[in-house]
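Naming follows writing order (A, B and C), and every chain is counted from residue 1.
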Amino acid sequence: MADRPDAAVPSELPAPVPLERVVVALGGELRGNMGLAVRRLAALADADETSVAFVAHPRYRARLQSSRAGAVIVAPELADVALQRPDPPPGGWAAWIVADPYAQFAALTRWWRAHVQPRPAPVGVHPTAWVAPGARVHPTARLGPFAVVEDGAVVEEDAELGAHAVVQARAHVGAGTRLGPHVVLGYDCRIGARGLVHGGTVIGADGFGFAPVPLPGGEGRRWEKIEQLGAVRIGDDVEIGANCCIDRGALGDTVLEDGVKLDNLIQIGHNVHVGRHTAMAGCVGVAGSARIGAFCTLGGGAIVLGHLELADHVHISAASVVMRSILQPGQYSGIFPIDDNRAWEKNAATLRQLHALRERLKALERRTTP
Amino acid sequence: MADRPDAAVPSELPAPVPLERVVVALGGELRGNMGLAVRRLAALADADETSVAFVAHPRYRARLQSSRAGAVIVAPELADVALQRPDPPPGGWAAWIVADPYAQFAALTRWWRAHVQPRPAPVGVHPTAWVAPGARVHPTARLGPFAVVEDGAVVEEDAELGAHAVVQARAHVGAGTRLGPHVVLGYDCRIGARGLVHGGTVIGADGFGFAPVPLPGGEGRRWEKIEQLGAVRIGDDVEIGANCCIDRGALGDTVLEDGVKLDNLIQIGHNVHVGRHTAMAGCVGVAGSARIGAFCTLGGGAIVLGHLELADHVHISAASVVMRSILQPGQYSGIFPIDDNRAWEKNAATLRQLHALRERLKALERRTTP
Amino acid sequence: MADRPDAAVPSELPAPVPLERVVVALGGELRGNMGLAVRRLAALADADETSVAFVAHPRYRARLQSSRAGAVIVAPELADVALQRPDPPPGGWAAWIVADPYAQFAALTRWWRAHVQPRPAPVGVHPTAWVAPGARVHPTARLGPFAVVEDGAVVEEDAELGAHAVVQARAHVGAGTRLGPHVVLGYDCRIGARGLVHGGTVIGADGFGFAPVPLPGGEGRRWEKIEQLGAVRIGDDVEIGANCCIDRGALGDTVLEDGVKLDNLIQIGHNVHVGRHTAMAGCVGVAGSARIGAFCTLGGGAIVLGHLELADHVHISAASVVMRSILQPGQYSGIFPIDDNRAWEKNAATLRQLHALRERLKALERRTTP
């Protein structure tokens, strides 16, 4: 496996970009080497003299000092550190001074994507795509190979469907929204404007709803299907990762509000409501009818049980299980601490007697209290 | 994002349905407003006077009393409460009296889906579908755009393949079974009658089987593939959610018996055997060769290790890890309780010394025992 | 659901294979019934007189003794046990004696797949596949129905793309590598030689990267996208299960080294680096920028938090959460032990007071120390 420098560099290096042009476009103050031309964005440690890096926090001062990045996006208090790094190249170091370097770096990645390293995208409607006669696809929309738009569906201006994406009957894709390859947007489901759904995600499969019906003889019960008659409604500026599942509602809809961000392999059960700007990391599962507030974060692998409520600004640590409603903002955790296996075995075995230990402690306390 | 009442209502409201017609079709006794026509099914709290709701349990009596649902499916003991709610509409309230309101509501959703709010479905074989010359597709089967049926496969009467579904060589789809968009039914795999598999699920990928082989020099081992020579056999009336994985067996088959229900993003390893009418919530993982009984339930995110056995009627709580066979029916749990982060940190840190604490407690007990 | 013997048997039984021919091909010594012809591979307990089974470990001696397998692959010390089993068939029992029976059995499964029970595979390029004019597909490559190869992509000698697989622009599929149905290999991503990726896996979706930007009014923040400018680089001899997600890097690449094996439904975040011959079981999640060594194993459902490091030869138990770097080889665990629900409730409730119990114990110790 050939190695490649650990930085954002397309197969063929782009022509160098005058940094001053970028700073003019995005704002901030450029100091030091005003004539620098850059070829890539990189982390501090991996950057070379044709790279732009950034420092998100003053605690990275040491890393900044040893970085070979030609230019660094910094807050004002680190400008001098950035400019006075040892062993400068011929034109000297550059500092790009802004109030919020991390947000500026994010803006720079978007500028870079737009102007230097464009994403390959379908052009127009691919000849193999299939659009039902009763569908409405805006003339500026782009459809990849074998994309499908079913009857009564609407694909708005500048929207994009990846290869094999399926927009089922009467579904709605908002302006500028992009569905990746193999995404399914189920019938009657809607996603707003400027959204992004990554490959393989299924929006609008049936929620998991069954009524138990006793079997004759009393040995158990079978499950009778509850048809899922609702849909999924997704707001604007929502991003959903790859291979997620967002189920349609049983009665009423499953809702993701504006600005929600979901990572990969996330399960959102029927009739869940996720408030705006809430973000969830990979492998999270949210059971049916849970109601999650705005501005929340759920760490990777967290589980939220059904019918619970999370207030706004609640933060759940990775792999924690929410078993009760949480009505106060804050950070919540429930993770068994990892340990070497022998120590874990002893502690886990003792944990199974914990309540008994407490009773013994109580008894001792009674006995020894004068 | 426009708001829409939280109830099952298609984009265009259906014509009102005389409730008496539904009651005649599904059974039970209608009392109160016999002339009521309904337009939707709804939860008690969201219902209006053109809605049918239901009360699954007497503990919801207060919610029933304040509901504006035109008709409510109730057990006999709640009929009067349903009929005598305050502030009735002109024709009065209606009560639909049955022995098991939840099962009746499930039946109503199926009736509603069939008669009022039909699911959009492919008609016949889509012209873009590809059927191998040696495949056998029943004339009544429906194939969506770009569906694939490979050589030697069989698709029975009234079965349906969604867009891009793939039925590989010699696989078998039973009568009336529906595979959602992008579902893969692997070669030699079988699913019985009246099944439903949601989008993106992969049935019959290789199980995870490798033999370790030492590398020269003793630094470690590489993995040599064990070809997975079995298949997957799925019974009748099985529903599988979206983006699940049901692996083919190594030797012999992976089996899901009749009536099994799986939610989304579930992993079933090779040679697992799941007994009839067992249900699993989202994100469950069952490792290879586990044998799970009939009438079990596994909560969301539960993990079952390989080669274990679960008896019939075993219920595993969400996010619990089954590390040993469970041979007695009952409910089993293993979840670290969530807490605010500061409290969790203290308790988790102490947990790592739990065994030592127990030893200290023992020592104290010895010392203080007269 | 009809039953079928629990053994690897294709729909139509293959013609019997002279075992001696197989032993000559794969090595080892055949003793006992030299004229045996076999029809299937099976586990000891399920085998019949036309089956080959294996014994991986001397602790299975009792199972060996009662097995009806016509031939058993054994280590030298078990050869006599295999040959002298009671109630032999007319030609007697056979023993296939090798140094490492498990590795030999793995080799046998591969021989069986190649010579007796071939996997159905596309022949050439299916007429419905779509290959962009600027793509390069080797004449020996096989493409299934509706497969897509985009501009600038390369598919090497003897590679195979399943139905609906998508190789995006400038991606690279190494020689002999197979992508299952619906797999996506994202633009600029590379997989080496002899790889295998199962159905529905998405390689090269965007990593989960956003910068928080305060909303006016101070009520919270929204997320601004950080474009993911890196790609995914996968070495040789890598197998990836179904419905996994391997995200592209933010800056620089996500890397899976040679010989890595991933099971199903695994999430690999952006810029993760997985060392060679490391294996992960189903439902594992590895957060962004984690660096996992060589020769590691991660049990099913394990979670590794971001930016952590695991040394070589680290083994993580199923469902354990890695919250700190682990720099020493060994086995590590963190699982709440499952228990019957009543016992769990008591212990879990007490766990929330564990730190306080420790303080009470300390106080007692102080009080009772003479």
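Miscellaneous remarks
Quick note on the criterion: a residue touches a chain if its C-beta (ideal position, glycine included) is under 8 Å from a C-beta of that chain, and two chains touch if they have at least 3 such contacts.
By chain, UniProt protein names: A, B, C = UDP-3-O-acylglucosamine N-acyltransferase.
Computed from a prediction, not measured in an experiment: that's the story for all the values here.
Note: Cα superposition of chain A onto chain B, rotation of 120 degrees, nearest 5. Different-residue interface: chain A and chain C share under half of the residue numbers found at their contact. Distance from the chain A centre to the chain C centre is 25 Å, each centre being the mean of its Cα atoms.
Of all residues in chain B, those that touch two or more other chains are 146, 164, 182, 200, 243, 265, 283, 301, 335-337, 339, 349, 351, 353-354, 357, 361, 364, 368. The part of chain C that touches chain A in the complex is made up of residues 130, 146, 148, 150-151, 164, 166, 168-170, 182, 184, 186-188, 192, 200, 202, 205-206, 208-213, 215, 219-230, 233, 235-236, 243-245, 247, 249-253, 255, 257-258, 265, 267, 269, 283, 285, 287, 301, 303, 305, 316-317, 320-324, 326, 330-337, 339, 343, 346-347, 349-351, 353-354, 357, 360-361, 364, 367-368.
Taken in their complex, chain C has these residues touching chain B: 1, 4-8, 10-11, 41-43, 46, 100, 102-103, 105-107, 109-110, 112-113, 117, 119-120, 126, 128, 144-146, 162-164, 180-182, 196, 198-200, 237, 239, 241-243, 259, 261, 263-265, 277, 279, 281-283, 294-295, 300-301, 312-313, 318-319, 335-341, 344-345, 348-349, 351-355, 357-358, 361, 364-365, 368.
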